[in-house]
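These are the structures, in structure tokens.
One chain, subunit A, links the two complexes that follow: it is found with subunit B in the first and with subunit C in the second.
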Partner chain A sequence: MNAIDLSPIAETVCTTLGRWLSADPGDVALGLRTIAVGSVCNVSCAVLGCYLVLRRMSLLGDAISHAILPGLVIGFLLTGSISIVPMFAGALVFGMLTAFLTQTLQTYGRVSEDAGMGVVFTSLFALGVVLISGIGRMHLDKDCVFEGKIDLVAIDITEFAGLGVPLALGSLLPVLVMAVAFILLFWKELKVASFDPMLATSMGINATQIHYLLMGMVAGTTVAAFEAVGSILVVAMLIVPGATAHLLTDRLGWMILWSAVMGVLAAILGYIGAAYWNTSVAGMMAVAVGGQFLVVVIFAPRHGLLSKLVGNLELSLRIVAEDIVAALYRLEEQRTGSSEVDRATVDQATWADCRGFADGSLLTRPAAMMLRLRGQLAFVSGGRVELTDAGRRLGNSLVRSHRLWETFLDRHFELPADHLHEPASRIEHFIGPALQEKLARELDGSAVDPHGRSIPPLEQDDTN
Partner chain B sequence: MSYTTTIIFAGTSLLGACAGLVGCFAVLRRRALVGDALAHAALPGVCLAFLVLGYRSLPAMLLGAFVTGIAGIVCISTLRQFTRIKEDAAIGIVLSVFFGAGVVLLRVIMNSVSAGSKAGLETYIYGKTTSIALADVYLIGGAAVGCLAIIVLLYKEFQVVVFDSEFAGVQGWPAFLLDLLLMAMIAFAVVIGLPAVGVVMMAALLIIPAAAARFWTEQLWVMLAMSALMGAAMGAVGTTFSSRFEGLPAGPAIVLCGSVVFLISLLTAPRRGLLARLWSERKFRRRMARQRTLNVLYNVWERSHPEVLSFAMDDVLRRKSWTFDELHSALGALSREGCVSFQPEGRFAMTDHGLQCAAMAARGFRMWELFLTENAEASSGIADFDYRSLEERLPREMIAELEEKLKEEGRYPTIMRRDGFSHECN
Partner chain C sequence: MMTQVETSTTAAVPVLDVHDVTVAYHRKPVIWDVDLTINTPQLVGIVGPNGAGKSTLIKAILGLVPMASGRVSVYGKPFRQQRRLVGYVPQRESVDWDFPVNVLDAVLMGTYGELGWLRRPGRKQKAWARECLDQVGIADLEARQIGQLSGGQQQRVFLARALAQKAEIYFMDEPMAGVDAATERVIFELLRQMRDDGKTVIVVHHDLRTIAGYFDEVVLLNMRLVASGPVAEVFTNDNLRKTYGGRLGILEDAGEAMRAQERSQ
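Moving on to the complex of A and B:
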């Protein structure tokens, strides 16, 4: 059976890594085993957790991981030994029971979901603790509940293909395989039920069945992982990688892959951190995945805080710049207008006026700089500003959008005349040439806006 | 009762009352599990305080717990507000990551500090009611009184913030600050309760009494009072049980007492309780079944000669997809109130009274039907086809209009007397 012997490769890896990190090869092997156990456990939690996050039931993972305690104890009581199968079965039953009771309290008891879940899992957890202390002779270590014994899994090993494989993988690998198989098998059903339960029902997919199947998978994974890594890590891995991945992508497939990557990365970083500070491995993995989440929250390309901030700034800058250009265009219009009075009273705008055009926005100066760089605004002598040809074209387009919209509003909605300006000045920044065209056609080429001002025709770009 | 038992008894009762009081706001704002997150997020604060000071100091540890707890809350609301992360995931993330950090710090302390001074840190996770000393009782009592005073002073404001925070904003109240004050009170209760009952049980103390009290009342102040009482009772009874039975830890005993209280409330509370609601649903179903039968009988009568009041059951069965047994039992119910009487050979007769009732039911059905066809956009919840809700739910003019239309179509039950409403048909 042991035809393949991987030990030389493993030895080389360990010694190379050991030399590189200036650590003992034995320690490296220990670390690799811990990381392997952590990764398998994290990935199985993470891929299932994606669905919990998407279905807004992340906390059910937390609840289940607490509520399975009485199941573990009853499984032990019935058989009298700490063997995996009965305890697994007991925990599975209680995990499903949590999901069921929460749902029942919500539907029949009209208890809000969060409160119902809170009542159910704390009660079941309390029951578990009472059962444990009632038995007395069961050595279920309290620390094991929260932290598991991942620090020890690397010691219980068995020989396989010349490698020392941690025994814990014996229960964790099947769980991972089952989780992945479950997702692949029910890919479509899970997807529809997660995003649109109503649609799922109308398509003949039993959303309730899928829900309980998922809950069963979560409970099973929780139990298997529980022993190895404890409840903190289970909860962290069910929720955080999924949430992190959700910030990185909008595609379900990619989200699941990303969450798996996050799980593995957390196992590696967590182990290194724990070894460095000589502290709890499970706790450190939870902290690592939290750190990854923080980084992604800030730097994620589309949904990150930073990119949102930049996007908002860009938009504000554009709006301020366009406000200035539109105001200057209007001034120019008045000066060149036919009325003698206008020509006499309207002065050329100064730099100071621009601040007024932008409602005193702090972005006035950067916006003006931007316009100047783009060659849309020119500073002439005496602190005066003037639109260039390019700027005039932009102003023309903006004012055209504004007046078209006012006319459109006036024709189709019963708004008083003094209520037209504000919505129009908000929307003028978002009306492109195509929409302008459409509006103009809709208004049958009307050339005057409700205030009696002419809608400027589109100025053609002469340069090309 | 010994001195220590008395102190523990007083401590847990006061803690239960305090948690029950502030827990109401958490439950009403749909933030029950925020309390859970808070309890978890307090752990790194406790450890940090210990690491910074190097020895155990209750005030410092409470302060640390309070600070990280509030930091956790801030993280949750930031994530919810500024990212696409939903509230549930935000709570879960804060809960697990903060707690993980707490465990990491705890292990660092365990490994580096000598045994004597670090003792008792773990009680912040698992809780230990026997650790309650007289000073703690004063602290918990003070917290309870303080929370009560704040709630009494700002009762009206809290009420609006809890049920309609947008309205509070419109009123010009600092809704955000009031919300923060509520969260701070919850955080404070959690922090002082942690060493006594531990992380999970503290969440239970916040949620269970409030959720149980919610069944009994629609009024905030009644709910607050009941929740505080239930919390205190949970604490008292749980502690008593735990001191009576060897080896029964107090924290879980308190929570299980709460579970029993919750279960009783869930089942027996008037109006919102499960039994009461099942009962009223049953009553409604029966009433509607009766009206449906009467409506069918009226339709059958309408198509026959006006003088004929005796019908074969088979005639009715032909118009409805009922089985014989269903019809028989429906008629049986009607015969008991004197609307119909059974006759031999599978026939039955309608009494005058029965005809009146049938006309009432038919009127209700036809009016609702017409209402729905004319107001297709109306929510289906309005029209329940009960003739008694017609007058309650529709404006008088609309009813008159519907009646007019039915009369034009000749479908208005003709034998309806003008005094039909006073007729004994319920």
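Moving on to the complex of A and C:
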């Protein structure tokens, strides 16, 4: 009947993968089917979930996925069969009802949004559980609600184009197509209604209608996904891939694509993990998506913890290096007697002194190495250190910034003299040439700081 | 375009006519029986103490909160038929600036109203959005994510987005709140330019010191309309005292009574 026969390709894939993984080709086929079902389900949840995350309604997905339970049961009661249409309709009604009741409680009932949501979905879920237990003759069992039957989807198949296609895809694929079509068709409406519902409404794009459309889509997707993979995975997939993707990008389109990638990846990793540890497939997929989030939180290029840590480390290193340079510059200043006060015989500083300049910081050695590599610091005989010309220019700029700031504080804040050094030491690292110039102008070219030390004029770079 | 013809040939019709507008939250009125007519394109400031209902009045005019009574017409027709003539700048804090869009995307949202269903902004809209960004002086920031901007720059993005709406009458909710003095001057110059181009700009403003310098007309609001008209006539000590010298106790009492009534029902 089918014109196309893909079975040879499928067979090749399964045997090749089987040889590679040293597994039975039949098991590989089962695995691929499970991963296909998981991927389709995860992607539909993930792309819609992006909007829930952005609208700060992540938990509404959770609420809806629980609250549809009585809808499923009532759909079954009215028709007496576990066919998808009536149960789907029942669930859709209850999904929308959750969104509506939450909104209404918040607007009219003096109930905060989170409390309202909590009341609505727990009550409806409980109603569903009671209905299931009361009926008894229903084939929906409670474990199935949490974990779904993804372990079985690979066996429950039909023949199509020579392939054994899981029956579950019959409801999941249309849902995926609908979710993608919804996002593409309403792209700009969803975008503006999510970002600025007030503006959207004032322009005639009814943000409330868009909200309920989205909730309808979430409810529909949840119902279809629910049967296959259970509520834990649905809730995880609605929230986690979107939250992960938001950390990776600053554009909406990329965020949605990334969330889909995360969904597929979670299906693959989850299945492999479950096979390896011989545990629940749906549970493992949810764990995998959580693991992805953790990895991204740490390693994301811009918003990740690691890049923040590296940034902080770089700053600390720079500050330690600059403290050393400024201290050496001051010593030189005293030695050459260009300063009026503190004129004394000062020995050339040694490497050991540097640690003192940096308050004993652990970063002293790396900072000194960095300065040397940059040609700002030279190690001379007898363990002594010396500024190079480049180092001297840096020191000059730092000390100039420091004393300008002290002078500025003294003039405008009327602080006692012992309150000036600390803030100046902190800020000297952040005063660039522009601000230095501005300060100097503000202070009318004042040449002496409040302690009586001269503010060094800017040394020009003679080399170019 | 049609809208252009309409606005230029109907000079006798007021730009904005707000008739007897009352807005209530939980049945308790927050603004009472406001009448407001703006006859010609102007720069209009709305002032009043906290909780006076300034933002609420704008939102009611734009159909963002339901009116308990009253009607609004823009260039002689009900607001619903004239949406395309109206632009809106909400308060800066009302949106999530972490939202994954860049500056150009955000400004393009202003063109969504003129695009129908299914149409996406194309080259023409992008060129126009860039022009709007240029007018507010941040053309170089178009590729930045909006959360990476300073407060003043974010406010300019909102203004550029409003310009992109190509409206005739603009409502702006505190566009100068939380911006530095330099940005405030730039914004004000832009508003004046818009007025000179024949637009009407209605601005909720918080700084009484700058009212006289910035605006042609002023609306003094404190739950009810205290006064409205040219700044020179209306912005008087007497009116300011009426606006800021505490609520009219009787309005509060009446509002409470209406709410209490509902509770006992």
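Methods note: the second predicted complex is superposed on the first by the 311 of 464 C-alpha atoms of A that agree within 3 Å, B and C clash if a C-alpha of one lies under 4 Å from a C-alpha of the other, contacts with A are read in each partner's own complex, and residues count from 1 in each chain.
We adopt the following convention: a residue touches a chain if its C-beta (ideal position, glycine included) is under 8 Å from a C-beta of that chain, and two chains touch if they have at least 3 such contacts.
Computed from a predicted model, the values in this text were never measured in an experiment.
Student: Is this a clash or a fit when subunit B and subunit C both end up on subunit A?
Tutor: In the arrangement built by aligning on subunit A, the partners subunit C and subunit B clash.
Student: Applying the document's definition of touch, where does A:Leu199 land relative to subunit B and subunit C: first, second, both, or neither?
Tutor: second
Student: Once the structures are superposed on A, label A:Met369 by its partner contacts, choosing first (subunit B), second (subunit C), both or neither.
Tutor: In the superposition, A:Met369 contacts neither subunit B nor subunit C.
Student: Tell me the contact category for A:Gly109 with respect to subunit B and subunit C: first, second, both or neither.
Tutor: first
Student: Just checking: does A:Val119 make contact with subunit B only, subunit C only, both, or neither of them? Give me first, second, both or neither.
Tutor: Only subunit B is touched by A:Val119; subunit C is not.
Student: Now for A:Met284: first (subunit B), second (subunit C), both, or neither, which partner does it touch?
Tutor: A:Met284 contacts subunit B only, not subunit C.
Student: Touch test for A:Met57: subunit B only (first), subunit C only (second), both, or neither?
Tutor: Once the two structures are laid over each other on A, A:Met57 reaches subunit B alone.
Student: Pick one for A:His246: touches subunit B only (first), subunit C only (second), both, or neither.
Tutor: both
Student: Touching A:Ala378 in the superposition: subunit B (first), subunit C (second), both, neither?
Tutor: Neither partner.
Student: Given the touch rule stated above, what does A:Leu315 touch, subunit B (first), subunit C (second), both, or neither?
Tutor: neither
Student: Tell me which touches more residues of subunit A here: subunit C or subunit B.
Tutor: B
Student: Please pick the stretch of subunit B from 7-15, 79-87, 277-285 or 313-321 that overlaps subunit C when the two structures are superposed.
Tutor: 277-285
Student: Using the superposition on chain A as set up above, list the residues of subunit A that contact both subunit B and subunit C.
Tutor: Common to the two interfaces on subunit A: residues 56, 108, 246.
Student: Taking the complex as given, what residues does subunit B use to touch subunit A?
Tutor: 27, 30-33, 35-36, 79, 82-86, 88-89, 91-93, 95-108, 111, 125-126, 200-201, 203-204, 206-208, 210-211, 214, 247-249, 251-253, 255-256, 258-259, 262, 266, 272, 274, 277
Student: Would you mind writing out the residues of subunit A in touch with subunit C in their complex?
Tutor: Residues 54, 56, 108, 185, 187-189, 191-192, 194-196, 198-205, 246, 249-252, 254-255 of subunit A touch subunit C in their complex.
Student: Can you check the complex and tell me which residues of subunit C touch subunit A?
Tutor: On the subunit C side, the touching residues are 26, 59, 62-64, 83, 86, 88, 90, 94-96, 98-102, 105-106, 109, 112-113, 115, 118, 120-121, 145, 147, 161, 165.
Student: Residues of subunit A touching subunit B in their complex?
Tutor: Contact set of subunit A toward subunit B: 53, 56-59, 61-62, 66, 105, 108-112, 114-119, 122-123, 125-127, 129-130, 133-134, 136, 142, 146-147, 232-233, 235-236, 238-240, 242-243, 246-247, 274, 277-280, 282-287, 289-290, 293, 297, 303-305, 308.
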